[in-house]
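Common to both upcoming complexes is subunit A, partnered first by subunit B, then by subunit C.
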Partner chain A sequence: MMQPNLIPTLDPNPLPAPYWVFKLLLIVTFFLHIVAMNFMLGGGVLALVSKWRSKNQPKGNRVFFDVAKKLPVLLPATITLGIAPLLFVQVLYGQYFYTSSIIVAWPWFLVLVFLTIAYYGFYYVSFQSGQHHGRAGGVMLFSVILTFLIGFVYSNNLTLSQTPSRWGGKYFSNPAGWNLNLSEPTLIPRFLHFMVAAVAMGGLLLVFMALANWKRDTEYARQLLQFGGKGFMYATRAQILVGIWFLASLPRDMRMLYMGDNPLATILLLVGVAGGIGSIFLMSDALRKENIRVAAYYVPGIVGVVILSMSVMRDILRNAYLKPYFQPD
Partner chain B sequence: MNYPFWNIPYLGSGWVIGIIAIFHVMISQFAVGGGLYLPLAERKAMRMADKQMGAEWLKQLARHSKFFLILTAVFGTVSGVGIWFAIGLTNPEATSTLIHNFVFGWAMEWVFFMIELATVAVYYYTWDRIDPKLHLKVGWVYAGASIATLVIINGILTFMLTPGDTWLAVAGTGHEASKFWNAFFNPTYWPSLFLRACVCASLAGIWALITSSHIDGDKHPALKTSLVQWSVKWLVPSFVAIPFLMIWYLMMVPESQRALLSLGIDTIGAGTFSIITRIALVIIVTSATIVGVAYYLAYRNPVEFNLSHAMAVLLLALIATGSGEYAREMLRKPYVIGRWMYSNGVRVPYVARINQEGYLVHSEWVWNSSTSSYSRGEAIFRGECGSCHTLSGYRPLKTLLAGRDQANIGSFITMLHDYKPDSPYRRFMPPMVGTKQDVDDLTNYLNAQVNPPAPAKVLTAQK
Partner chain C sequence: MAFGAFGSFEFVRESVRLPYVISNYLYANSLYSASISGDGGFSADEVTAAGVLPTAKWIDNRFLTPDDQVAVGHEIFRVECESCHTPGSYRGIKHYVALRQWDMSKIKAMLGGLAFMHNGAMPGFAGTDAEQSALAAYLNSFAPISAAASAAAKDGKTVFEQNCSMCHRVSAADPLFKNLDKDPKTASNSLADLTSLFPLMPDLKLSDEQRTALVAWINSQRNAKGYANATQGGN
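Right after this comes the complex of A and B.
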């Protein structure tokens, strides 16, 4: 049952600028944040895969440590680029965001603990090298798992923020904030949609590293290109399945937004799907011909457009969820 | 009550902000002070006549900058986000007001913060890899960006204590944005900025003592002496200027809010120091000890200065900083935003309306059913008292109300509700807002906590 009384009233201090200004800032900064997050998380995953696949041979270890050196920069970039969308989401959706955060307060708060530990883990690994790196793989795995958990808590909080009908039941069953939003049918596909995208983008990070090494150390650069490019292709293929699952898990009227009801949403979905499939073919071709230009410029260009259209689609979805409660001017 | 309340038993939600904030202040003010320390020290080293010594200084500074990078970039960033999380969880109403007023302030701060993080990483990773002059320039950019973050956040922090008459005159009218700069450069802006700048410089010196204490004094006596003594000098501006700045700061706080401070001073004779006066004493004592330790152990005997000494100074600084921030929060009572919003999120001009309509009328974050007086009382307790009190932990109401019966608790709450001009509680507590029914509901709930009904006798089967 709906409990409209639970929705906090709007702050009486008005916004200092038109609504669309903040909306634009939210989408742009969210896009930047998600790109940094993807490089960090996906880079970490692929570094681990490289280490395991090579069974600790120097080749795989070199990829591992080269990526590991970037993580202590990519993680703060993710956090810092995340502060801006955190600010703007509070400006635009404060009454929903604060409420759901309070309901999942402890998991939400644990994000900070996970973040600190993962951060030091990344630093630890980045300062290891060569011979003595006994625990580097384990520490890296632990840090990457923590960043996955952070993403999971985010998915919980943000899905809960747009479904006020669940608030009362959760809060009253545990006012101390030990809640998640596990009963949300879109939770798992939505979470996976973000995480699989991160792995694909991690592949592109390796392609960029290949570009940087192309002239200096061609053999190593080729290895990076092949490994990163394949990672990108496998993850993007998996993403097609996850994306279908996510779409199917949406309530019918929201699913239909992307299938004709809302022309913009439909076009953006088509752009996303076409861009995803197109980038797989392009990357496959680039790997066969070892064409670094295509892999490091054209594919990321297309992927950038895809992520941007996904960011706008995400916003359309939030508006649809909140429509019964909130219709800003 | 607009939002649900994050119920943290024993500790209370205020301390969640408090603990994160104290660490954040220690780290972020070090980031600002250290941002100046590094390029100034680097410049000094580059200009030294003794080239050998200059090179040793630079080596030590590179080590210090690694420590600086890891501490400020990791803990500073995470604890900064931590404050965002904590204030949204524990006082969404005030957070929302601040964000609606200062979103562009924060957006500007964020840009400088981005520059800060980028330059500190470049600074650390390019020692010996780029032209020394360019490296020094990176250091200056870092210093400028980190000072800019302080200049901006200081406006928002001081606004909470003293929004100023100009902003208050338009508050609630929908024209708040037109007085952005008045709100930003509010009465305590300048004294607070200089105070914090002094603290930043001290912290830069104190943290530098930590890394300098690591230098082997037997092998490099001259290096250690010069670095330790130079770092101690960073403490000097604070201890000369802070007493005067503190007086200036307090003079800018409205008389009504200073009442709490005078409450403590008035009653020193009677031996009943108020908490804020005691905190002031802690700050003075720890600061004086820092000066003593820094002078006798560091400045006079730099070669012998070791990590334990440095940690002692750091711990004292943590206590002084923590006490200072705590005192600032106390000074703000009974408000979270001076004269506009009480600590529990009730806006001052809404009091009369809530008294008429009832506290729970617009929102029903009430346990299970809104019909039971106990449940309504519990919701009111959380919303109106929970920001500062717990039942049996920090500022425990079970203890504070112990010995009172239902009628007595009721008259106490009624006194808080009436909030007469001569009530001593006005100095630090918001009024209890709501209808007569709300007063009764809260009384019922608190009475059930303080005087729990005797457990019903278990009837055992007797045959």
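Right after this comes the complex of A and C.
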């Protein structure tokens, strides 16, 4: 049967503060969350790459274990900074977000299980060192895969929360909550857009570690700079392709928002693309000249602006998806 | 251990709020306890008047026919009960029904008194009479109890536990123990028509034999040591 209107009725009590306050807090806290998540996930990925590429030689292992020691801090930072945007999204978009969370209930619950196991894994690796580090590489790989899966579940839930027209079909075919949103055309590019960004930011984490070691252990710091900077550049190049894919996968009227229909969205996209490409050139130059100042201050500065403009673009996209159902103010 | 500690803390925290999630405002099954402007028709009274099937949003089957009582009852269960009960396991209805040997008509009667059960931990059933029957049909479908089995209890204590204990406690303060006539014959007769005693009681038809046994057991409890302070039962 066609479902006339599945969107839950809002509680008649109004928001306890102006709409824009929550919106601002949502975007700011989401920005902080995504930065912490990127350092954690991207750091984990690059640590594995370093270990794998150096064929378990001490040089690669040192990077691996140095990053691994930061993960038990970065993961809870991600969680803590994630709670705030989670609450704000519930305040502003509860009727969409709660509903999609119920439809994908079991994968959504599994996030906690994955998170707990990944956390144990990161701790295990951070306590290993030197010659006898047992299964540190395997455990790290497993934990990183789990955090990827968490991101994938998030992409499923949040894309579903923006497409109420899919709710009925999914829910009534499986009311017990074993659903994902795999038929969503933007799902994979959107997920990859976040994950590739995480790898790039992981590169910046290594650049920051290079900065911290610059005076004490220049040789090691140079290795970190080169490796992290290259990771950043490769990932950001790949991101341009993923970004184009994501943009192309959007429904036409939403894609056009970023290509002229919405001036703010268009400008933000240009800022994002120009910032991304500019940061690649800047990083490339910094690596050639081994200029840690450029790599550790200017590039992250540009990237910060890019992430912030992407966060606002994300919000514009969500509003566009929900426009048929929801026009606040 | 930490999981256990936090789990039990959360469990208690949720339980003490029942039947509400927001005291005197929103029930645990997301119905408003009183109609307010902008509630979208989702107060308990409005749903009782209009019916669950036309009101609820997340229902696939909006028409009730004699053939799909169980299927529609399941949908009503899903939207009204499943925030706290699963059919078979967690606070499982299957278990309660089997324990108390309720047949379909008794389940339906008992659904009318949910708000009085278990010290008022549940919101009352909201919906039309036909929907209440459909829900009873669904709840009866797990392991159907025959009318004969439902009326089979002969022992007064069992009769009490199966039919009265969800609302009445063995206590001098309980209305049943306080008000029931001391004379066994009068008492037994008075229990023949429960709704005349209190209009919100389920219209249970206990046999003469069951009533006699029940009254005898109630009187034996009244005479038992420590009765004045006893608070057993009630669950």
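Things to note:
FYI, the second predicted complex is superposed on the first by the 325 of 329 C-alpha atoms of A that agree within 3 Å, B and C clash if a C-alpha of one lies under 4 Å from a C-alpha of the other, contacts with A are read in each partner's own complex, and residues count from 1 in each chain.
The working rule: a contact is a pair of C-beta atoms (placed from the backbone, for glycine too) under 8 Å apart; a residue touches a chain by one contact, two chains touch by 3 or more.
The structure presented is a predicted model; accordingly, all values stated were derived computationally and were not measured.
In the three-chain model built by superposing on subunit A, subunit B clashes with subunit C. In the superposition on chain A, contact is made by A:Y123 with subunit B only, not with subunit C. Judged by the touch definition given at the top, the superposed model places A:A176 against subunit B, while subunit C stays out of reach.
Contacts of A:G134 after superposition: neither subunit B nor subunit C is touched. Of the two partner chains, subunit B is the only one touched by A:S101; subunit C is not.
Shared-chain residue A:L87: touches subunit B; no touch with subunit C. More residues of subunit A lie in contact with B than with the other chain of the pair subunit B and subunit C. Using the contact criterion defined above for the overlaid structures, shared-chain residue A:P263 touches neither subunit B nor subunit C, since it reaches no partner. Of the two partner chains placed by the overlay, only subunit B lies in contact with A:V111; subunit C stays clear of it. Across the options 19-27, 127-135 or 145-153, subunit B meets subunit C in a clash only at 19-27, per the superposition defined above. Shared contact residues on subunit A (touching subunit B in one structure, subunit C in the other): 3, 5-6, 8-9, 11-12, 171-172, 175.
Within the complex formed with subunit C, the subunit A residues making contact are 1, 3, 5-12, 171-172, 175.
Residues 26, 36-40, 42, 57-58, 60-62, 78 of subunit C are the ones touching subunit A in the complex. Residue ranges of subunit A in contact with subunit B, taken from their complex: 3, 5-6, 8-9, 11-17, 22, 25, 73, 76-77, 79-84, 86-88, 90-91, 94-95, 97-99, 101-103, 105, 108-109, 111-112, 115-116, 119-120, 123, 167, 171-172, 175-177. Within the complex formed with subunit A, the residues of subunit B that make contact are 2-9, 16, 20, 70, 73-75, 77-82, 84-86, 88-89, 92-93, 95-97, 99-101, 103-104, 106-107, 110, 113-114, 117, 121, 171-172, 174, 176-177, 180, 347, 362-365, 367-368, 382.
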